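Some structures to go through are shown next.
Presented sequentially are two complexes of subunit A, the first with subunit B as partner and the second with subunit C.
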Partner chain A sequence: MQNNGFLQTKEILAITLIVIGSKLADSTPALLAQKAQNGFWLIPVIAFVCIFPSFLIMLYLLNRYQHKNMIELIETITGKWIGKIIGLLLFLFTFLTLTLNSRNYVEQIKLLYFPESPTEIIYLIFFGIVFFGAKRGFEVIGYTSWVALPIIKLSAALVIILIMGNIVIQRVFPIFGSGLPIMLSEGVKSTAIFAELFFLLIAYQSAKKTQMFTKGVIIASIIAILEIVLFYFVYITVFDYNSIGKIAFPFHDIIQYIQFGEFFTNIETIFMIFWLFAAYIKFIIFIYITAWIFGEIFAIRNFEPLLLPFSFLVIMIGLLPINSISNELVLHDSLITIMSPFLIILPVLLWIIALVKGDLKR
Partner chain B sequence: MRLLSGQRKKNSSPSDKNISSSLSSNIQEMKQLFSYKLNKDFSMRTLNLKFNHKEACLFYYSSIVDGARINLNIIKPLLENDGDSVSNVVSIENIEEVSDFETANENINSGKVILFIEGDKMAYAMDVADFQHRAVSKSENETTIKGPLDAFTESMNTNISLIRKQLHNSQLINEGIQIGERSKNEVNLIYLKDLVNDDILENLRSRLKDIKTDSVRNVEMLEQYLEERPYSLLPTILYTEKPDKATSYIEEGFIVLLMDSSSACLIVPVTFWSFFHYPEDRYLRFFYGNFTRAIRLLSFYLTLMISATFVAIANFHSEMIPPDLLLAITASRERIPFPLIFEVLIMEIAFELIREAGLRIPNPLGPTIGIVGALILGQAAVEANIISPIIVIVVALSGLSSFALADLNINFTIRIMRFLFILAAGTFGMLALTGASLLFFMYTASIKSFGIPFFSPMSPHFISSEDTVFRKALKKELFRPEYLRPKDIRKKAKS
Partner chain C sequence: MNRKLLMFLFIMLLLAGCYDRIELEQQSYVVAMGIDKTDRKGVYAFTYQIANPEVGSAAGQGGADEAPAEIVTVDGADILSATHTANSFVTKKITLDHTKVIVVSEELARDEDFIRVIQSASRSPQIRRGVQLVVSREDASDFINNNKPLMEQRPHKYYQFMLDRATQTGIIPEATLHRFFQITEGDADLFLAIYATTEQSDQTENKKTEDQYIAGEIPQIGGSPTQFMGSAVFKEGQMIDTFTGEETRFAQILDNTLEMETLFATIPDPLMPEYQIAYNYSQKEDPSINIQYHKEKPTTIDVQIPYQAEILAVPSLIKYSQNKEYQKVLRETLTKRLNEKTAELVRKSQEEYRSDPFYWSLYVRKYFKDVKDYEEADWHKKIYPNAKITVNYKMEKLEFGKMINDSNLDEVRD
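For the complex of A and B:
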């Protein structure tokens, strides 16, 4: 992996923000709204509160063991073989998240804009582009994210401004949706909607200074959570508690509502363009990270040739689920539930082991 | 004598033999080297020197020297004046001593007179070059309204004087490097010694020395010998005919390459912004300059995307066109037999044809082709129901805005990419078009010119005057671009 020291805080921030921020415009809200109904906009906050301390511990450990990325860190702390097993598990999670997410995105594109095209072809085009993008390397991904970020975020802001008129604040009540206990358990179970934060840690050494990486990631995750909560709030106030659970892609539904003056009434394609940019970049980052984690585990220094087989695998495995509903509501949901405790506990465990071994006393 | 005959067998390859003290053998050698008699403009003149009463001989190419000056400043003093050495006799500003035939050869080719004297192991090279060239004229291809109008011409000395005129600085270096195996042409590197980064300079020097070819005639060819990726769509060297543009780059720490035979220069290294910027942006006041930049950015988009966007929207996302407009478009396309993308491609190619033909056509016919091509053909095509009027508008818009991209290289890049985007949009609408433009952007971002990423200083970030899409007020520009690693990063605005 090249590191010419060209990536700085803002590129890392952009990468993180695009990966995490895209949660506001995919079907994560639909997933959360299944049980929590109109209270779901608070779930990301609960999830974030659960995961952020673990994430900070991870950053702290990375900072203490200088010059290591996440996989190397795990291997140093737990020993070679256990480390490799944990790493492999982590890779499996990354890969499955990538695959299930990608199927979900492809289904969105198909359902909303190309209803007559076969899923396979859209998948192929989408991942063809993602593959060639990822092939350009992590630094280029960083530059692209930074240049694209303002445009993407501006379009998102425009959506909020234009939808203002349709918001009915009273729809926020009952504030805890279907009940506080359900909300809390859902929140903890859904912690892994921020799993990407952990996956990104593989790139810990990619910035000019590791402090820049830490700073970028932390700032980005805070902006992202605010952004997500804002958008989820808009969703529940535009749709009420009855319809929110039945809407698969709230972002796309919302952009169907908005119009720009009396003349431009159907402007969803404009927002779709920026959404597509974000989606492409998100998966470019994602597949690069997946290949990187795999490369680290098996000590493949030059892992970029792995991108092609991985792209192919993602398409093939992504096409396996029979339909998008089972993909999203059963498989993705289960994956998130499985990953959540793992991601909360792993850093704490690592920290305790490091503490017992006495590595942190230096 | 055997050595000499061996030399003859090698035919007229430049000899690395040293000059001997015998005049007759020197003359023999020179005659053989330059194919005297066969070569009509190779001249020789024998004379008796007054100051030491010895025989001597002058050699030169009569076509590239100033005859009157030879006569007045060399031959006349040598025949008439007294003195103790050659340099004290002739009245010419530049005399160089030469000890071997290789150098003598180079000197004669660069327009000098060589003087051999009986009994002297040195020859004397005197500069009387007078290569024919155009006078300095107005810049034709890069026009400006506000700003200096002069352009480079096909003469090194003139060009350098055009640069020195604007940059009075003793650190401004003009370094010559010989390239080419058969024809030794000189490339001149112009830079500010106390600014330029030595690594970049050394890299450039070694790349110039690595060029292994018979001859590099001009900077246009040098550009292609020098670049790293000959098959890339993107240029990595800037080409300009304006001395003020070249000078502004020298001041920032860039390196300019000049050759004797070109009315333009090359500038390295470059970033994307070098192709986007134009000197006039800085001559105009802050708002006017930035307004021009905004227009140029728009024309970038229009040239690259407008046809493709139209194809994508009309074919795949027609719901986004407001109903009235949609009806108007469909009504105008009702009787057109072709698919939309085909129509667009026909018109785009027709426009490229008019453009290319208009460029090559002899001057007096120029306006005619414009009228015949654009007006009559367009009108007739619409009336014959081959092309719909809206396509004419879209393509004319894209063609027109392509002229706002002044740099020739980037103009070609954009015009070629436009076709790829149209095809992408035709296959999968916005999905493919967004993907294609993202890939194009990422490809551009991955390009490096002499190790400098193409979108610096925007991303990756570097300290600079932050002159990217828009520029700051001139007084606020405090730094030179850090990506060049200049020796002095701060422009001395404040102490």
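For the complex of A and C:
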């Protein structure tokens, strides 16, 4: 494992921001807007409120049991076999999220920029590169994320500035979209849109000090939620409640719409490059932590050779859904609904067990 | 050795990135697209105006004799599949990325199937949301064929400049596909599309003042035959009427989501009505739109419009600039006239269309908790047609330009 524990707060922050922040530019908004209409921009807030306490409990537990990562922690608390089963479940979730997300991204690239190329080829090239990136190890990934972060966020900020003139604030009303009860239940169900926060906990020991990890992850998740809410607010004020549910990739619709004055029109490719850049880093991180979780469960210390078979598996399984719509609106939606209660309850359960066992008294 | 071979094979894979490679030379860029009805249901005639990139550029020597654009018309069920049919006589791949306008014949716009054919446009990633929607009185193919600009021959520049300038003056609205879908899908309010024609109407009258025309009625000598003037009114995705340039301007004044830069207009001189005073209307801040929604009794809508005016020409040579009394009369006449014209438009929209072209439904939304309540309250049928609407213009500033006084007629003619 190429991990000497050199990562600091800023790299952890960058990793988290890229993994979570990319939710603003994929199909998540379309998914949330299906039921909540123009109230969907508040759903991330509700989801975040639901998941954050659980996440903090998890961080607290990790802090109490020094020198353990997430899987080790679960195994210590619940015992070896139950721990392994929970770990396996967690791995399955990570893997499926990775696969469904990747199909969504590949579909975006194909539909919008490479209409003639077959999906298989784009998938292959995309994951070929992701594999080579992941092979460099977690630290290189961390440094890369930190270097790439400013430019990615700068381009996102530029999008906001350019679309500013098309925002009509009143479109936010009626404020609760399709109704407060629907919004609340959707918010709780969609908690798992922040599932990546949990998956990242596998890297708890990767930073120089664990405090750095904790600090980086918490700051990044707060920035990410603000960012996501800002972007979703822009989507709803630009597209209005009847149209937002119909648009599969609102970020790309916006970058196709904006222009630099009268002369520079059709500038979406500029933003597409940075978006693609973020997507690569996101999946590099993602596939790495997937392999890591798997390695931890089966006690494979040197798990990096697993990256290649995993990349291959992701492509093969990712190609299975018949189209991107069913992939996103049916499969991804159900996955999120299943994961949400699991992620909210698991840390609380772990905490109670640890409390009963008396481990926390030390 | 094996490792090197593998590496090589992987690099070969990257060549697949050339799948979508297409040279600029191999593409035909469509600048304007026309859609017409045909005799068969579900089949439309699509007209593509393809720009010739060699004309008008400094580099192109070879294309000196070629026309600036090629115009073709084919029948098809939707926009994209028709491009492939067109390839039976167009040499290169037809690309819609740079389309600036979609021209629709009035006949099709008034058809209830219009929404179907335009919807297919938004599905394609090639057609952008910034494309402007133009309704032509004649067939769209005739419009595109007749449109022979004399000065700006490159078609993409022609549409860009023409529409930009006309939108700035407010005689045509900004009518992007984006806005069309927002308003149509929002199921409230009316959408205004650009109205244009290349054919002179029989009703040409010289008696009207500068902006009370719709396209085709403006008496014109010389220049390109194409006139962009006024707007086509769409309700629920179907055209129902036309607005003159003047009505279009007032609709834009009242709509906070549209921007209009300047507006030159004239009013009869209050002191010598046979002459016209020209003024420049401008707005430094958006009008304030106050809606009080009442569930049981009519909703009240109160609109305050602060505006500034600059007097441009006073052919009657009356000294308005230095006489307080005269100025007061002028100020009152201006405001009164604006109030009257606007009230007339509002009345027309309430009684005839039973909906508003001002996008005011936005301001009533805050009274509803959720979309269901809002849709039940029904802007189209219940709220707007019964609302009590007051519109008040308020003059903030009256300027007289760089001349303090006009020539004194008595002194000139003594």
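We take it that the second predicted complex is superposed on the first by the 362 of 362 C-alpha atoms of A that agree within 3 Å, B and C clash if a C-alpha of one lies under 4 Å from a C-alpha of the other, contacts with A are read in each partner's own complex, and residues count from 1 in each chain.
Keep in mind that, in the parts below, a residue touches a chain if its C-beta (ideal position, glycine included) is under 8 Å from a C-beta of that chain, and two chains touch if they have at least 3 such contacts.
Note that the coordinates shown come from a computational prediction; the quantities given were computed from them, not determined experimentally.
Once chain A of one complex is fitted onto chain A of the other, the partner contacts of A:37 are limited to subunit C, with no touch recorded for subunit B.
When the two complexes are overlaid on their common chain A, residue A:52 makes contact with neither subunit B nor subunit C. Using the contact criterion defined above for the overlaid structures, shared-chain residue A:171 touches subunit C, although it does not reach subunit B.
When the shared chain is aligned, no partner comes close enough to touch A:298: not subunit B, not subunit C.
Of the two partner chains placed by superposition, subunit B and subunit C are both touched by A:266.
Shared-chain residue A:114: touches subunit B and subunit C both. When the shared chain is aligned, no partner comes close enough to touch A:233: not subunit B, not subunit C.
In the superposition on chain A, contact is made by A:139 with subunit B only, not with subunit C.
After overlaying the two complexes on the shared chain, residue contacts for A:125 are found with subunit B and with subunit C alike. Shared contact residues of subunit A with subunit B and subunit C: 113-114, 117, 125, 128, 265-266.
Touching subunit A in their complex are the following residues of subunit C: 10, 13-14, 16-17, 19-20, 97-98, 125, 128-130, 160, 164, 178, 181-182, 185-187, 257, 362-363, 365-366, 368-374. In the complex of the two chains, the subunit B residues touching subunit A come out as 313, 316-317, 319-320, 322, 428-432, 434-436, 438-439, 441-443, 445-446, 453, 455, 458-461. By the touch criterion given at the top, residues 6-8, 10-11, 109, 113-114, 117, 122, 125-126, 128-129, 132-133, 136-137, 139-144, 146-148, 263-270, 272-273, 276-277, 280-281 of subunit A touch subunit B in their complex. On the subunit A side of its complex with subunit C, the touching residues are 37-39, 111-118, 121, 124-125, 128, 166, 168, 170-171, 173-180, 239-243, 246, 252-253, 256-257, 259, 262, 265-266.
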